[in-house]
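Beneath this line is the structure, given in structure tokens, with notes to follow.
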Amino acid sequence: MFEAIAFYLFSAVTISMFIITVMSKNALYSMSALAAGMIMISGFFFLLDADFLGVVQIIVYTGAVMALYAFGMMFFDATRDVKENIRAPKLVFLLSGMTALLLVLAFVAPIVSDHIQALYPVVDGVENPQAVGIVLFTKYLVPFEVAAVMLLVAMIAGIILAGKKMDESLTLKIDGDEEFQNKGSK
Amino acid sequence: MITLSHYLILSAILFCIGLVGIYRRKNLLMLLFSTEILLNATNVGFAAISKFYGDLTGQMFAFFIVAVAASEVAVGLGLMIVWYKRRGTLDIDSMQSMHG
Amino acid sequence: MEAYLYTALFAPFVGSLFAAMFSNRPKNLVAGIAASTLLFVSWISSVVLLLHVAHGEVVHVKMMDWIQAGGLAIPFGFVVDQVSATMMFVVTTVSTVVHVYSIGYMDHDKSFNRFFAWLSAFVFSMMILVMSDNFAGLFIGWEGVGLCSWALIGFWYERDSASWAASEAFIMNRIADLGMLIGIFLVYWNFGSLQYDVVFSQVNGMESSILMLVTAFLFIGAMGKSAQFPLHTWLADAMEGPTPVSALIHAATMVTAGVYLVIRANPLYGEVPEVSHFIAGLGAFVAIFAASMALVNRDLKRIIAYSTLSQLGYMFVAAGLGAYWIALFHLMTHAFFKALLFLGAGNVMHAMNDELDIFKMGGLAKKMKWTMIMMTLASLALAGIYPFAGFFSKDKILEAAFATEHYVLWTTLWVTAGLTAFYSFRLVMLVFFGEERYKIFGFHPHEAYKYMLWAMAPLAVLAVIAGFFEHDFVHFVSNMLPIEEYHVSSSTFWTLVAVTLGIAVTGIAVAVFAYSRGGFSKKLEKTFIYKLLFNQYYIPKLYDDFICKPYAEISRIFWKDLDLKVVDATVDLIAGTIYKLGMVSRVVQSGNLSNMLRWMGVGLLALLLAAILYSPIR
Amino acid sequence: MLEPISVSLESLNLGTLAPMLVAIGGGLGILIIDLIKRDLDKSLYVMLSVLVLFVDLGIVLGLQAGERGFFDIMLIDGVAILSQIVILAASMLFIPLALTSKRFHEFSYPEFFALFLFMVAGFQFMVATDNLILIFVGLETASLALYTLIALHNREKSFEAAVKYFIMGALAAGFYVMGAMILYALTGSVEIYKIEEVLIAGDYANLTILFVGFAFLIAALGFKLSMVPFHTWTPDVYEGASAALAGYMSIVPKIAGFVVAMRIFEFMIHSDVIWLRDVLYVVIVLTMTLPNIMALVQRDVKRMLAFSSVSHAGFAMAAIMIGTTAANSALFLYWTLFLFTNLGAFTMLWISRHKESRWHIRYDHPYEKFSGMIQIMPVGAVLMALFMLSLAGVPPFSVFWGKLYLMSEAVNNDYIILALIMAINSAISAYYYLKLIVYMFLKSPEENDGTIYMKNASRPLQTIIGLSVILTVFAVLGVEPMMDVITAYIKVSGF
Amino acid sequence: MDHILSVLVFFPAVAALLGFVVSKDSIRAYGISVALIEFLLSIWLWMSFDGGYPGMQFVEMLPLIPSFGISYYLGVDGISLFIVILSTFITLIGLIALSVKNDIKNMIISLLFLEMTMVGVFVSLDAIVFYVFWELSLVPMLYIIGAWGGNLRIYAAVKFFLYTFAGSLIMLVGMLVMAYLYYQATGVWSFSITEWHRLILPMNYQIWLFVAFFIGLAIKVPMFPFHTWLPYAHGQAPTIGSIILAAVLLKMGTYGLVRLPLPMFPDASVYMITPVAVLSLIMIIYTAMVAYAQEDMKQVVAYSSISHMGVIVLGTFAMNPEGISGSVFFMLSHGIVSGALFMLVGVIYDRRQTKLMSEFGGLAKVMPRYATIMGIMVMASVGLPLTMSFVGEFLSLVGFYQVSPVMTILAGTSIILGAVYMLSLYRKSFFGEVVHEKNRDLEDLNGKESMALWSLVLVTVWLGIYPKPVLGPINNSVESLVSFMHEKSITDEAKKVIKPTVIEREAE
């Protein structure tokens, strides 16, 4: 019962938060709503006995991602309303509505399968973070490391893209062109 | 009783909200937000499946999705900053130099 | 004898090549003389061969293989038998005369050498035609004479009418040649060979329907070459060529090739009376048809051309009635007197600066005595007056028609005989006698060169005496051709002779009487019949309006409207549509990220729809 | 209670991981070198990258097919080895294109090369596993690096390209995880072989949900493989990226995508569920045809080549739909041969790249640029023509043999209509390849200085072109040995 | 001696590559020498050819892709031998008479490449090798038309390329299906044409495959609805391009018909006789009429070319030795004659820069030597006996008569309609008075033109009078082909229609 109440409550909040995110004209509102939604999602995680995931969700999203966004938004001067020229909004809702409808239709039917077996079962009496840790560092060690590389890539990408060197483009600078260099020196 | 289907439907709805954002918004930042929603929507699904099947793989997937989402944010913000520096806007209507 | 055969065959060819070497050079008398000499050599060989085969021997040689493919084996084989020997004799005789004559006639022409090249080439082709021992070889000669005829009709190619006439002749002949080709195909597929001897030996076992087709198609070929209705129009137009050409090709030799074909293929034609009757009927029709056109024509050469046509009709009647030897005999005599007539006309033209309208002549007898004499002789022969050559042969044809109880044919030919006599002497009278109208037009006629007249002399002699060789001739060809004795009572026979001679003499008398007094009244020219005849029954116009012009028009439509606007346009349309589709589908690539994302959404939705709706299980 | 986990080093089978580790290590090494000493020349980094890739390739070649490693997450089957060979070979051939005579922005960063190596490692991970998670992570690693590499070209079009690619990629990632989630929901596993087992054991129950899952996966892979209508990024990204990178993108990400598609779709195709085959059929036909038609109207050679490579991807995808061993071998053959030619074509564009907009305000390589090239730079024109003819499928140049095998496979498996569509598409495609030849050979030149076409042509670039010409022209001699190797590898991996 | 065919194929290509280093001034001499050597090589081939043996000779086989059955497999029989010689001969003659001034080096190099592909098509016995050369031949031709052509040259060149390319791709699919069926039947992959010949297929397969092959070949021939590229190509191509296009490239189509679908699908071929013949008839009559409507000399010759190709196709489908030998021989004669005609049109075009008949008239007077040769060639084109064309046309029609008399009569109209347009061409341009002042002092044929043209005349007449040395070997091969087809055919109808020689030849 508690589960049901929690589910519907969280669902309602999450959905409304996300709707605000995608519909709001104000970037700040959007971001706040997104952050709220994320936290709600972590609520689901706790609800689903995925404590570790819930914690990670909160830390990563509200801690890291939102901070990044916040920095970004300071840069973008996002306090003003976002002006968008949204074309054919009906099409948008048609597309997403149809997709949603079809997905819901598909998911309404319960999944029947006798052959599903848990490969990495949740063992009773083992705390979730511990279990996750074990799986993560055995089976999923490689993806974990690759994720590390991925984050490294993302870091490098973020640094060089946002870095100062990108301001002056060697690609556009015509080498050996006297005129251009003269202009540059002035 | 909350079944797996409930969660999957929730996941689908959240996903479609993300899609609305993707299809609708013209601001790069908003698009980035929407992609976060997409990824998080599936996270819910994964966690739920994980719970109902008693299998940790779903949580693993969700974990990596979170990692990917974070990385995407970093790269995405990097790209946006470069673009913003050049053009002073994040509206995707400003990037139509290539077409046809 | 082979040596003689090859000499007879190739001497003209050598002459032709020799003259051709000079063809682009200024006049070179040697070319003419050499060509004539070589022809004379050919003539001698022909005579030798003629005498040789008179003993009943046949010279048959195979020079080399020509085409061999599948079951078809065609050699270059030549046969000299009585029929071909006769033809060779006629051809070489007339051509030698014409060659010598032409040296004078073409004296002032700057393309003198070219003329002899073509003329000798023609003789060569004609020799191939008559000497070949198979249908394909015949066809070589057949086309060869067509080619030479084209070149010679169009000899003065600067003149539009000449080049037009040349093309017309060639194309008309080609139409007939198609029939001939089909005939040859039929022969091949039914007899398995094209050799005369092989084919004729199998005639008996053949179905008559096949024989009928074969003969009919071969006859179509003959119709073209011999200018039978409805393919006759080219012959009159062919008079655009130099007169010696008309004499040789369009009177004596080439046009008789059709007759020769029928005679040569007599074993076939003999088996199919239906076709033979048709041939005879057509011949008779053409005889009177052509004679009627000759009645009113004002053109010197055309009159003679129509008379040729008419006489060819006679020959076909004979051939169609199975009297092949008579046809051949008439062919021979006709060759002599008709060539003579043309050469005489050539003299007249020379004298009149190539004027052809007989109403602008008259009284030329004074200036051109010898020419007048020879032309009168020839005309008498043509009219069939005893004892000239034409009498013997023509009379035989009438006799044959009567004897075989084809009275309609006989009547037609009989009337034609009268018409023939009339128009021949109308011509003679208008040209040589009566008022000297040429003076009005400022002509200064003169007699032709002596040696031209001398050259004509043999023909004149032959035109007079050839008829007396009838019995020798019958004996000569009896090996080759069926000789049917016509059993008519002697009284009937003499009555027929008398009646025929009578109408001929009447015709002559009417002509002489009428034209010595200035001709018929002008009123006649207003009548429908006159116009009809004068315009050649409107047939050329008909051809022009209903064949040539529509053909040109349809061709143009095919090109401009069908080929360019339909066939090609379809291809371009397909290409264009694809290209346009490309232009249209560029919309997908609007470059707007939002649209691109939406396209992905569309794709996803389509896939989901496919997943939900289109899921045929297994 | 938990038992302690003991893992023997043997059972980890580290060798399976070695190639990627080399690439990652190389990337890190480059970063470290840069830290130690700044302003080293790009040629050093290029050569280092080549060497790293070389070592990488050596290790890959030494791998035995049919191994698993690291708790079975790594899967080294024939396809994995084969695709890694293609990826590494292509990378080795493309990275020297950085050695241009002109200076371009991206090559001034040592990070460019590090990212490049990380990207290669990402692709390698993608192909060397059948775990949806690792595929996803590898794919994202590679993609994020690729976005950055595109943007590093540093001009507006490159940013635009990168952003477009990035956002669409993020959406595709969403599709991918959704698809994976559904499969997981259906089977309780994210390992493809396991998914296959469960599905077969359950006799494909829950078909509709399964199809929905596959729909998402098709969409996600369709983006990666530029299937219509998920292809819209391709021309823009190719146009915005440098020619060298565009050429690279036309080969490597796609081969990785093909391998993933092969792993995910193949068991379904072999089953008696025809849905996937039908859907793929439609997608393939669209992918072959539509970009072909759009390529007709392009004015820029690079953009045209982008469309053409989409169409080629459709061709190759047909092999996956056909799904036999021979067809999959044909795919690899096709892609290898396509690599030779595309390498040449894009390199030709790359060496003629100018910094100023000399011919067209927007395009770097409009057709007009090559007008009358035969007059002023005959060798270049002939080479370019060779590449175009090869792409058009004119024998005996390389792509023809790929097409031959592919069409033959279509025919052999009763897809004659598909073979005809392929034929017709080849014919249509000939038009736009021909257009370049027409410009080069049949129009009169606008310039009269042949060197404008080789502004970037340093010795290494010329070598690359020479190599690709030889490979393109004499491809026929290599088909048999290549096919032997490919078939052997494919057979081992059971596709 | 063993590798004479390879030498023959690749010698021009190697020479073309080496030609890049030859200086511009001497490239012409270089080209002529290469073509001459190549021609002499082909003559040598002829000399060492055993005319009595109907099968493949000088066979070379080198596996290229053994697992897929593709091999470098060359050989000639009587059918292909002379087309090879025709190719080398025409290339030589074309090079001698070459009048192109600009970019002559590129021209000669492309011509030599083209020669390689032409020879390659005719000697290859492996379907894929055949296809390779077939497609490659498009490329130099594209360049020749496109670079030296008239105003619409690019349109014409691209149309030519795409049209043929599209068709041949369909043929390629056919080839792949054929290879697969062969594989199914024998368990071995093979693209060898001679192997394919031995495969007996059920009727429905035969028909579909026949259609696939036929479309590819028909576009090249070009058969009626697919012919429209040809007038453009000819109209725009430079003289040399037209010569080679008409003389050799079109023959690829008809040669392909004899080599591929006929022996491979005898039953389908018989089944398809009527549609094919109808198309051929349309082609013969319709294009002859279109030719008559043309205003441009070259277009007349171009359309006449199509019309004659119709007779060739018809002869091919006669299904008896007479018809097929005839059509093969007609290919040769059409090659020589149409080549000569295009060269002749080129001569006047070089002098006047126009090809419109209305611009001429009375040329016989101004250029008598030219007019003579033109006359000979016009007559040869019309199919006068003792020229090569007659032999071919006669045999083709004789052959087809057995199949259908009525259609033969219709086809025979080609001799009439041919005369109509050819004579009207000759009359309009050569007869009459000289009307245009510009024509008054045109130069007659110069040395190289005379040489080139007279050698064509010589061949035309020589083979018209004595075709045996050529027709004999052709006929031997064709006879064995036809009896092979007869043996192989499965339906009664085909057995009836395909008639090997039944009439015993006289013992010689």
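Lettered A, B, C, D and E in written order, each chain numbered from 1.
Convention: a residue touches a chain if its C-beta (ideal position, glycine included) is under 8 Å from a C-beta of that chain, and two chains touch if they have at least 3 such contacts.
Quick caveat: nothing in here was measured; it's all calculated off a predicted structure.
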Third chains touching both subunit C and subunit B: A, D
Centre-most chain [mean C-alpha coordinates]: E
Maximum centroid distance from subunit C, chain identifier (CA atoms): A
Centre-to-centre distance between subunit E and subunit C (centres being mean Cα positions), rounded to whole Å: 36
Rounded Å distance, subunit A centre to subunit C centre (Cα mean): 99
Inter-centroid spacing, subunit D versus subunit C (mean Cα positions, whole Å): 78
Approximate Å spacing (C-alpha centroids) for the pair subunit A, subunit E: 68
Per-residue overlap in subunit D, given as positions that touch at least 2 other chains: 133, 137, 140, 144, 147-148, 151, 163-164, 167, 171, 185, 188-189, 208, 212, 235-236, 297, 431
Per-residue multi-chain contacts in subunit E, two or more chains: 162
Touching two or more other chains - residue numbers and ranges from subunit C: 575, 586, 589, 591, 593-594, 597-598, 601-602, 604, 608, 611-612
Inter-chain touch pairs (all): A-B, A-C, A-D, B-C, B-D, C-D, C-E, D-E
For the subunit C and subunit D complex, residues of the former touching the latter: 575, 578-579, 581-583, 585-586, 588-589, 591, 593, 595-597, 599-600, 602-604, 606-608, 610-612, 614-618
Complex interface listing, subunit E residues touching subunit C: 159, 162-163, 225, 227-229, 231, 286, 289-290, 292-294, 320-322, 325-326, 329, 362, 364-365, 368-369, 372, 375, 379, 382, 384-386, 390-391, 394-395, 397-399, 401-402, 405, 408-409, 412-413, 415-416, 419-420, 423-424, 427, 430-433, 465-468, 471-472, 474-475, 478-479, 482, 501-503, 505-506
Subunit A-facing residues of subunit C, complex: 594, 598, 601-602, 604-605, 608-609, 611-612
Complex interface listing, subunit C residues touching subunit B: 586, 589-594, 597-598, 601
In the complex, subunit A residues that touch subunit B: 3-4, 7, 11, 14-15, 18-19, 21-23, 27, 30-31, 34, 37-38, 41, 44-45, 48-50, 52-53, 56-57, 60-61, 64-65, 68-69, 71-73, 75-76, 78, 82-86, 89, 91-93, 95-97, 99-100, 103-104, 107-111, 116, 118-122, 128, 131-132, 135-136, 139-140, 143, 147, 150-151, 153-155, 157-162, 166-167
